[in-house]
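Below you'll find the structures, each written out as structure tokens.
The two complexes that follow have chain A in common; it is paired with chain B in the first and with chain C in the second.
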Partner chain A sequence: MTTNATPTQAAPVRRRGIEAARARQAIWLLLPTLIAIAVVAGYPLYRTFFFSLYEANLTTPGERTFLGLGNFWFTTEEGVPLGFLQDPKWWTAVKNTLLFTVVSVFLETVFGMIIALVVNSAFKGRAFLRTAMLVPWAIPTVVSAQMWAYMYNDSFGLVGRGILGGQALLADVDSAIWAMIAVDVWKTTSFMALLILAGLQSLPSDMYEAADMDGASKWTQFWRMTLPLLRPALLVALVFRSLDALRVFDIMYVMLGANTASSTSMTGYARQALIDNSLLGLGSAVAVAIFLIIMVIVVIYVTAFRVKFD
Partner chain B sequence: MNLQKTNPALYYTQRVLFYLLVIVITVYLLFPFLWAVLTSFRRAGDLFLPPLQFITAPTTLSNYTQVFANANFQRGLLFSVIVAVVSVLISLLLGSFAAYALGRFKFRGKSMILYIILAVSVFPQIAVLGGLFTLVQATNLFNNPISLIFSYLIFTIPFTVWVLTSFVRDIPGELEEAALVDGASPLQTLFQVLFPVMMPALVTTGLLAFINAWNEYLFALTFTSSNRTVPVVIANYSGASQFDQPWGPIMAASIVVTVPLIILVLVFQRNIVSGLTAGAVKG
Partner chain C sequence: MKKALAIVGLTATLGAASQGSAVTLTLACGTVGQELQLCKDGAARWAKKTGNTVNIFESPNLTNDRLGLYQQQLAARSSDIDVYQLDVIWPGLLSQHFVDLKGKIPAAEVNAHFKGIVDANTVNGKLVSMPWFTDAGLLYYRTDLLRKYGYSAPPKTWAQLATMAKKIQDGERGANSTFAGYVWQGKNYEGLTCNALEWVSSFGGGTIVDGTGRITVNNTKMAAALDAAASWIRTISPAGVTTYGEEEARGIFQSGNAAFMRNWPYAWALGQSADSKVKGKIGVAPLPAGPGGKPAATLGGWNLGVSSYSKNQAAAVDLVRYLTSPAEQKIRAIEGTYNPTIQALYKDQAILKANPFFGSLLSVFTNAVPRPSAPTRGKYNQVSQAFSTAVSDVLNGKSKGQAAVAKLSTDLARIKGRGF
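Right, the complex of A and B next:
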């Protein structure tokens, strides 16, 4: 930082002194936060990695036996597969989580774009729609899960009884996952729309005036100008939504129950192993796998978009 | 532009289609919530009615009186308020220290710290669930709201640091330099010079963190047994028998928990949008 040429002796020394003092002060200001993060995230994460290598019970974590990677992949002498990577249910959960993530994030982006474009144009009632957009986002996830469980109910619900004529949509994993996607799309499309709208409003309006003068159609303007300029904002929103969708838990656990949720979401599978079945070692191994999947995606994202901090 | 004059038919078709789209979007966004509101005012026996008769069925407040008389729900509200408020206050305090250092100071390892904080804010809660659970047990904090207050810091702190740092960067440097020249310590500068300027940012960040803490489910479900927060109470709300789903009271409880949030969000609309975009887009 202070590599530039030094015309006099005294000034840079003094500045270096101030900078050193500032750096020390910065450490003190950051220390409480760093300690808090270490206690609530760092140490528990270390424990999760630690227990993933052991066979251990949640109620008596002290009595454990070292397994190495046995929680991930382990076959007994009788040929019984015990590692979670050998459990078809885990792979069902992975498949369903990926399906959920890809479809819901795709739909949220498309619907979010449509809503943002509508709200960005001038019409009567625009302020109202802008406000209405915030409502699904403000509703707690558990509440929206219950609202939709009621809507899907086969003897009371508008969707379950009315549209589907009494089919129990949530009873079967294959149809339940689509029901979950519909709930997530309803709940978070408006969040996507908000982020896209913020991006739209930062686009220069004189550019569109020039395009209008040149006779470019709205359609051409959207594909040639809006979309390319919106790309950075759109990509960031997309990645944040995907990470959220990959760790989905609440809606599935509340609407489907612990057991079905464990074959529709990776987090549900991990929680069932860890808490309901008290398998601290196995559950930790699953948690480690989820952690690694998400971190790999984050690293790809950070390098692909060249995120920089100062 | 002059479509209205050159081709009025096309112009009006476009307008009609556009407003149709607006109506479809509005109904899509609001209908499920409005239906839940309506259900919360209907008697249990009327839930079977076909939609039109359901809408016109007599209104009752009995679901609400039942919910408010429910001891679990009362305790849930109390615990939710305590847990969310305390964890947000702690993270605002710590977060503003950190944001001041990260937004205003130059030092080695700064981007490393920002990376760590970003990593914590994206990492899945399930990755710490087991570790935290054994910690909660070892410290005898199971079923104690303190365990939730501390575990919620895992998402409230990174969020507040992240958003506040981007706000601190936007504060003009002259303010702080003037204080430094007068010999103020960093803490004095922070509390007496920057805090007043940061007030709107603190309110926005605090509100968003509060919403997250208020909605949290996984930790609340796992670290408590009887001292539940409201989301867990609502998810577990059961009727007299095992097979009876009391939809009326569940919807009433849901509305009670949601309406304050919606009011807060509507009142602080503009701040919320700027806070969300600062937190999510300035990656």
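Right, the complex of A and C next:
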């Protein structure tokens, strides 16, 4: 249909200039994509916002009662707090997710930078190393999480038994969160390195030759030239990783199980409310809260660091 | 005329053919221990007998994961799965999505099953699912090790268990550094609710929520039971016991690395199988009692229900009827120690020969303590999560029994809200 419409409309438009015709054509070409986005992203998002205002059950979404913002904050006449923002477990999940995000993204950036600088310099076997370093990232998270859960096992695991001598790291949320940061760093550092490497490769090499001539040390070159010029690439990488880490789900769910995961990750809390407890309304409200938290963090990032996505 | 007759004839044959033609059903089976194989075998026997086909859907191992998956299927009114294997705590939660089997399966056949289990499957007069096998927590012990350390009988109280497990563990550690006295299910999931309910009930601490929906957790006996369990960790149970489910505990016991284990009956057949390191060295007893209390076992068990969204309901009902029949339950009891739900089978000589403890522990199975799924209805899952999380906090040393039950009481009030 769109292909038929375009030429007939393009003919009269040509007089007004080729630019306008192009713009109109672009809209027609974009239309299928916009429809697809509306169907697969817009509608579910709308439904989530919609259900966050209702009390509804997952198995019978048709029977629902309007609650307004009651899923977020609601105290009954007897003084029983029912909103999830009044649930200490939700705040534990938020605290743990933020801790996980800050520490793992920081470590990934530092290690990623070191690895990127190493594989950016010319040496034999560089191509092989660049491919090999991506292996942890290529393994599906569910698989690597299960693999690490075995390694952390206190009676037969390489780490739990072999290195720590029978400690159960995953038994306790406070130590488990560090065990999971280790898994995430192991897994995603290479992705960070890849993004930083792409930035490094765009830096002109003659600039470094000039710096060498002027007698600047390698250390000065890194702090005064590489790092400032790398800033845009680094910030984009940071935004990507922070968003990923904030919605972390699979590592916690696989390694800790549904109940414990609900107090270590915001998404785990949302899933438990929505699926295990079939609280469609409350679960949607939690999902909306996660959406807002992530949006606020993105806005802060983008405005504070003037990140440009182009 | 001739033509018309031919058409009528053709339609008749087609109709007959479609009525007798084979259908394809999908059966969702559990995958713990031998469950999957036995489920496949049973379905294959029915398929062979009726000429239909049965596809097996492999469900996740942990019951919580299974429920999540099923709820999504049922909420979407999916016809992908015809027959579901349902946990004994689910009928209240899922009843509206299942066919009423009352009247579809003869009353005499239904009444042959334990009344308590049939009742648990009946919601507002609707028979949601048919009992398939029943479960109750049991204490497994190593007969050879008890003898070696001078004990003639399994422990009767938790305190005795702790003493015996400690002595055996200390003795065995010399040769085997990973040896544990007692293993059980301490991971924060439904299995921990079952384990903890046994401790609490045997200490006389009630059943979390009573029959009328009143929250009864804030009592000293429950607190004492949780403190006692916490004292086992790192003394007779490995630190990692708080990450174990059924299969992790069984793995340790069956490889000869534990003196005692709490588990369901299915572990017996696997422990006695040819590749088991403890074959011929296992004893089974009721779980120990708390101070001044009686031993308690949590009622478990699985049932089969027909989805309302199934396209072949008649055939699906027939499959359920076949799989829950005495003949099938007998095969499952002999091959996999799955407890029959039919009283008469507990006198069957072939079954008693394969599972010598069935006869003597019949009272454990018939008097098992139900989890409070009936009074808490659709909120059972939340109640169970809050309970197992409170228990988990005590086990991990984050909280003491008394503080944990006080907090649990508030949490449960919050979940109850305007009522269960």
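By definition in this document, the second predicted complex is superposed on the first by the 276 of 310 C-alpha atoms of A that agree within 3 Å, B and C clash if a C-alpha of one lies under 4 Å from a C-alpha of the other, contacts with A are read in each partner's own complex, and residues count from 1 in each chain.
Methods note: a residue touches a chain if its C-beta (ideal position, glycine included) is under 8 Å from a C-beta of that chain, and two chains touch if they have at least 3 such contacts.
Worth saying up front: this structure is predicted, and the values here are computed from it rather than measured.
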item: Partner chain(s) touched by A:212 [first = chain B, second = chain C, both, neither]; value: first
item: Partner chain(s) touched by A:155 [first = chain B, second = chain C, both, neither]; value: both
item: Partner chain in contact with A:304 - chain B first, chain C second, else both or neither; value: neither
item: Chain B versus chain C, judged by how many residues of chain A each one touches; value: B
item: Chain B versus chain C as contact partner of A:275, first or second or both or neither; value: both
item: Partner chain(s) touched by A:110 [first = chain B, second = chain C, both, neither]; value: neither
item: Contacts of A:61 with chain B and chain C, given as first, second, both or neither; value: both
item: First (chain B), second (chain C), both or neither touched by A:134; value: first
item: Contacts of A:168 with chain B and chain C, given as first, second, both or neither; value: second
item: Set intersection of chain A contacts, chain C complex versus chain B complex; value: 58, 61, 153, 155-156, 275
item: In the complex with chain A, residue positions of chain B that touch it; value: 1, 18-19, 21-22, 25-26, 28-30, 32-33, 35-36, 39, 47-48, 51, 90, 94-95, 97-98, 100-102, 105-108, 110-111, 113-117, 119-120, 122-135, 137, 150-151, 153-154, 157-158, 161, 186, 190, 211, 214-215, 217-218, 221-222, 231-232, 234-235, 237, 245, 247, 250-251, 254, 257-258, 261-262, 264-266, 269, 272-273, 276-277, 280-281, 283
item: Residues of chain C defined as touching chain A within the complex; value: 62, 64-65, 67-68, 71-72, 74-75, 93-94, 96-97, 178, 180, 187-189, 238-243, 252, 257, 378-379, 381-382, 385, 388-389, 392, 396, 398, 413-414, 416-418
item: Residue ranges of chain A touching chain B (in the complex, touch as defined); value: 1, 19, 22-23, 25-30, 32-34, 36-37, 39-41, 43-48, 51, 58, 61, 114-115, 118, 123, 125, 128-148, 150-151, 153, 155-156, 158, 162, 186, 190-191, 194-195, 198-199, 212, 233, 236-237, 239-240, 243, 246-247, 249-250, 253-254, 266-267, 270-271, 274-275, 280, 283-284, 287-288, 290-291, 294-295, 298, 305, 307-310
item: Complex contact set, residues of chain A against chain C; value: 57-61, 76, 80-82, 87, 89, 153-156, 160-161, 166-168, 170-173, 257-260, 262-263, 272, 275-278
